[in-house]
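The two complexes that follow have chain A in common; it is paired with chain B in the first and with chain C in the second.
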Partner chain A sequence: MRLEARHYTFIGLAVTVVAAMLVGFQPDVTPSPDTLRMYEYIDSLPEGSIVMLSFDHEASSLPEIRPLAVALLRHIYSKNLRPVGVALLAEGTGVGYGLMRQVAREYDKKYGEDYVYLGFRPQYIAAILSMGESVPATFPEDYLGRPYTELPMLVGVNTYDDVAGVISVADGSFTNHWIEYGHGRYGVRVSAFVTAAMVTTYDPYLASGQLHAMVGGLRGAAEYEKLIGIGGSGARGMLAQTCSHLYVILLIIIGNVVYFRSRRKGGGV
Partner chain B sequence: MDVATFVAGVLTLAIFSFLYRDNPVYKMAESLLIGISIGYVLVITWTNSLMALLFNPLFNDGRLWLLVPFALGLLMFGRFHRSTVNFSRIPIAVLIGSGAGVAIPAMLNERTLKQMSATVGPLTTESGFPDISVIVVILGVLCTISYFYFSREHRGVLGKSARVGTWFLMIFFGTTFGYTVMSRMSTFIGRVEFLLSDFLKLTN
Partner chain C sequence: MKRRVPQLVCGAFGLLLFALYFSSHPGARALNGLILNEYWQIIFGFALLVGVLSFAKVNLKSIERGEDLPYRIVSLLGLLIMPVLAVIWGIKGDSPFMWIFDNVQVPMQSTVFALLAFFVASASYRGFRARSVPAAILLASALLTLLSRSDVGGFLSQHLPDIADWVRNYPSMSARRAILIGIGLGSLTTSLRVIIGIERTWLGGDRA
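Take a look at the complex of A and B:
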C-alpha cells in the first residue's frame, strides 16, 4: 500500500472530524439575522395554519438536508401548524415523506389530520403553476394513494391562497422556480432551507424580498435548533465543522508556504 | 443493528474506499447507487406521473382530451427511427414554445427587473448616515458590469472600474467556493455521524 500526499490529506481530515465527533462538545452558536427571521416567521403563524413544504432535493444531500428539515418540522409540529409535503424532484419524494412521518411521531401527530404528504409531480414549472390554479387537480391523490377529498386536513385547501406560505427544502435551483412562478405569479410567500452551497445563489433574492427568509447549511440547522431549544445533528456537527474548516485553512497556509519557498528556490512545485 | 443500517454503513465505507483508489468494492457501491436511483425514479414517475395524471384519468375516468398529450408523448418515440424522426419534432416544438412562453416573462420579471430594482436603494439611512451596504451593492454592480463591457478597451476610468469589478467577482467566487466547501464538509460530517452513532454505536 503506497500512500500519496492526497491520502495524508484525507486521513488528516477524517481524524479531525472523527475526533471532533467523539469529543461530543457542542460549541455555542449565535443565530444569524436570517435564521432569526425564519424562526420568527414560523413562530408568528397562527395555530392550524397550512404550510407547504417542498422537498426539492436529491438523496445525496440528505446528510445536510436532514438536520435542516428535522429542525424545521419540529418547530412546525410544536406550533401545531399543519404541513403539506410535496416534491418537485423524484428522488426527494421518499425522503420527504420519511422525514415528515419520523418527526410527526415525536409529536404524536396523525396523518391526514395534522400533516399530509402529496408526493411528486413531474415538470416542476408545470407543477408549481398547476398548484396555483388548483392543488386538488394537481394532486387528485396523496402519496399513499388516498383521494385528496378524503383527507380532512385539506378541506378548503385549493390554491396558494389557502396556505400560509411555501418552504422549499432544496439542494439546487428549485427554490428559484418557487420564487419565479409561485411568488412571481401567485404571490405566495416563499422561504427556503437550503444547503450551504446554495446560500450565495439565493442571497440576492433574500435582499430583494422575493425570498422571505432563508436558513442555510449545517450551521443554519444548528442555529435553528438553538432557537427551538431542541438539539440535533446540526449542533452535534458544529465542532467537527469548525475543526474541519481550521484543517482546510491550515492546508491552504502550508500549501502557500511550500509554493513560495519552492518559487524562491527557483524550482517547480 | 437493523439490516438497513448495516447495509447503509457498509455502502458508506465502500464509497469512502475510493479515496484510496478506484477499486471493485467502490464500483459495486457506485453501480448500486446508479441502478437504485434510476429504478426509484422510474417507479415514482410511473406511479405519480403516468398512472396518476394520464392512464387513470384517461381510461378509468374517461377524460378523452388527455389523448392529445398522450399522442404527443408517443410521437417523441419517433426519434428512434430515421423514417419517423420528423414526427418527434411536433411535441418538441410544443414543449419549446410553451416552455419559452411561460419562462421568458417570469424570468425577465423575477430575475432581471426585480433584481435591478432591488439594486437601487436610498443611499442614506433614516438617520441621515450613508448606507454602506447600498453603496457597496451599487458600486459592485456598476464595476462588475463594466468588466463585461468589451466594446471599448479597458483603459482609464473604464479600466479602473473593470479592475474593481474583478475584485468583486473574486470575492463572490471565494464566498461561493467557501460555502461549497462548507456544504461538502457537512455532507461528510453527516456520514461520519451516521457511522459513529448508528453503525458503530460509539456515540449517542
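Take a look at the complex of A and C:
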C-alpha cells in the first residue's frame, strides 16, 4: 500500500499522543474564571446538602467525562455533600453508578446515607418535568431496586425545592433540557460539567445566568483537580492534549504554506 | 376522517400540555404528573418497539440478500443477547450485561470517537486554508482558540488567552445567541402550526 499525505498525518498524531503520554510530565494549569466559579459554588454549599448529579452522556465520551466526574465527586464527598445520581441517557446509567461508588469508597461513604443512585428514566424531558412534580413518583425505586421511601438520605426529598442544585455531566445537548425545563419551569439551579466541544453551546446560558456554572473539557478537569488538590487523569492528559493541539496548528501552517506556494506557481491544490 | 381524527387528537393534547405546563392548579399538577409518569412512558415503549422491529427487519433483509453478512449478524446478535442477559441476570453492578457494556461497548465507542482526532488532523492539513478573507478570519480564530486551550498560549503572549476569550465571549456568543433565538422562534412557530392544524406533513403529506 502506498502511503498518502493523510496517512502521514495520522501516524504523526499517533506518535505525538503516545510520546506525550509516555513522558508523564504534567503541565501546570491556571484555573479559568468559569472553573473557579464552579469550585466556589460547590465549596459554598452547606454540609449535608443534597446535590442532584445527572449523568447525561454516552460511553463514547468517557475518556473526557470520567476525569470531570471524578474531580466533581471528590469535591462533593470531601465537603460532605450528599449526591443523588440520575441518568437521562441509558448509556450513562451504569457509568454514573460505577463512578459514584468508586469515589465513595475513597471517602468511606455509605450507600443510602451519604449517596444514592436512582438510575435511568426514559424520555428525558418527561423525566425532568416529572421530578419537578415528584421525585419519588418518578423513581419509586433506586438503581438497586430499593424502595425510595426506605432510603434514609432521601427522607424529605420530594421535588427540586429540596435539592441545592442539579449538576449535569453531559457530552451533548442534555444540559439544555435541564436549563429549559428544570430551571425554566421549576427554578432549580443548574450547573454543568461538559465536554470541550459543548462549551460554546452553553456560553450564552452561562452569560445569562440560566446556567449557574460550567466546567468544560479535559482542561477544565485538570483545572478542577488543581483546585481540589488531588491530581487525576485530567492533569495526566493535558500534555497529550497540548501536544496534539500544537500538532494540528503545525499541520494548518504547513497546509497553508503548501497552498500559497502552489498558488504562486499557478497551480491549484 | 382518517386524517381529521389524528389532527384533532394532536391539537387537543398540544393545547392541554401547553396549559398544564403553565398552570399551578393542584388538579392540573396532578394530571401533569400522571401524563409525564405514565402516558409518556407508554408512548416511549411503543416507539422503542417500532425502532427494534425496524432495525431487525432491515438487518434480516440484508442477510437474505447476502449484503454485509458479518456486520448484520453481529448487530442482530447484539440485539438478542443484551436483553436476554438483562432479563436473566439484571443490569446492575457486576452483571454479565454490565461486563459486556464496560468491556465491549465502552472501548468500541471510545475508539470510534477517538478516530475523530485523526480526521481533524487530516482536515486541518488538507482543508483549513486561507482561500478568502472570511476563511482567513476563521482560521485565525481557530488558531487562537487552539493556542489558548493548550498551555502554550500564555507562554507566547500574556494577551493571547485574553484575545481568545474575547472571540469566545463576543463574536462567537453573538452568533450562537442568534442561532438559539432563531431555533426558539422556529420551534414555537412549528408547534403552533401543528396544534392549529396548518402543518400536516407529519400525517404523511398535505392531502387533508
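Details
Criterion: the second predicted complex is superposed on the first by the 268 of 269 C-alpha atoms of A that agree within 3 Å, B and C clash if a C-alpha of one lies under 4 Å from a C-alpha of the other, contacts with A are read in each partner's own complex, and residues count from 1 in each chain.
Please note the rule applied: a contact is a pair of C-beta atoms (placed from the backbone, for glycine too) under 8 Å apart; a residue touches a chain by one contact, two chains touch by 3 or more.
In this text the structure is predicted, and so the values were computed from the model without any measurement.
Of the two partner chains, chain B is the only one that A:141 touches; chain C does not reach it.
In the superposition on chain A, A:155 makes contact with neither chain B nor chain C. Of the two partner chains placed by the overlay, neither chain B nor chain C lies in contact with A:15.
Looking at the shared chain after the overlay, A:59 reaches both chain B and chain C.
Contacts of A:200 after superposition: both chain B and chain C are touched.
Legend: residue contacts after superposition of the two complexes on their common chain; A:256 is shown touching chain C, with no touch to chain B.
By the document's definition of touching, of the two partners only chain C reaches A:29; chain B does not. On chain A, the surface patch touched by chain B in one complex and by chain C in the other comprises residues 10, 13-14, 17, 59-63, 91, 93-94, 122, 129, 185, 196, 200, 204, 207, 217, 219, 241, 244-245, 248. Taken in their complex, chain A has these residues touching chain B: 1, 7, 10, 13-14, 17-18, 21-22, 24, 59-64, 66-67, 90-91, 93-94, 119-122, 125, 129, 140-141, 179-181, 183-185, 195-200, 204, 207-210, 216-219, 233, 236-237, 240-241, 244-245, 248.
Residues 19-20, 37, 40-41, 44-45, 48-49, 52-53, 57, 99, 102-103, 106-107, 109-111, 114-115, 117-118, 137, 172, 175-176, 179-194, 196, 202-203 of chain B touch chain A in their complex. Residues 21, 29, 32-33, 36-37, 40-41, 43-44, 48, 91-93, 98, 101-102, 105-106, 109-110, 112-114, 117-118, 120-122, 124-131, 139, 142-143, 146-147, 149-152, 154, 168-169, 172-173, 176-177, 180 of chain C are the ones touching chain A in the complex. By the touch criterion given at the top, residues 5-6, 9-10, 12-14, 17, 27-30, 58-63, 91, 93-95, 97-98, 122-123, 126-127, 129-130, 133-134, 137-138, 143-145, 185, 196, 200-201, 203-204, 207, 217, 219, 238, 241-242, 244-249, 251-252, 254-256, 259, 269 of chain A touch chain C in their complex.
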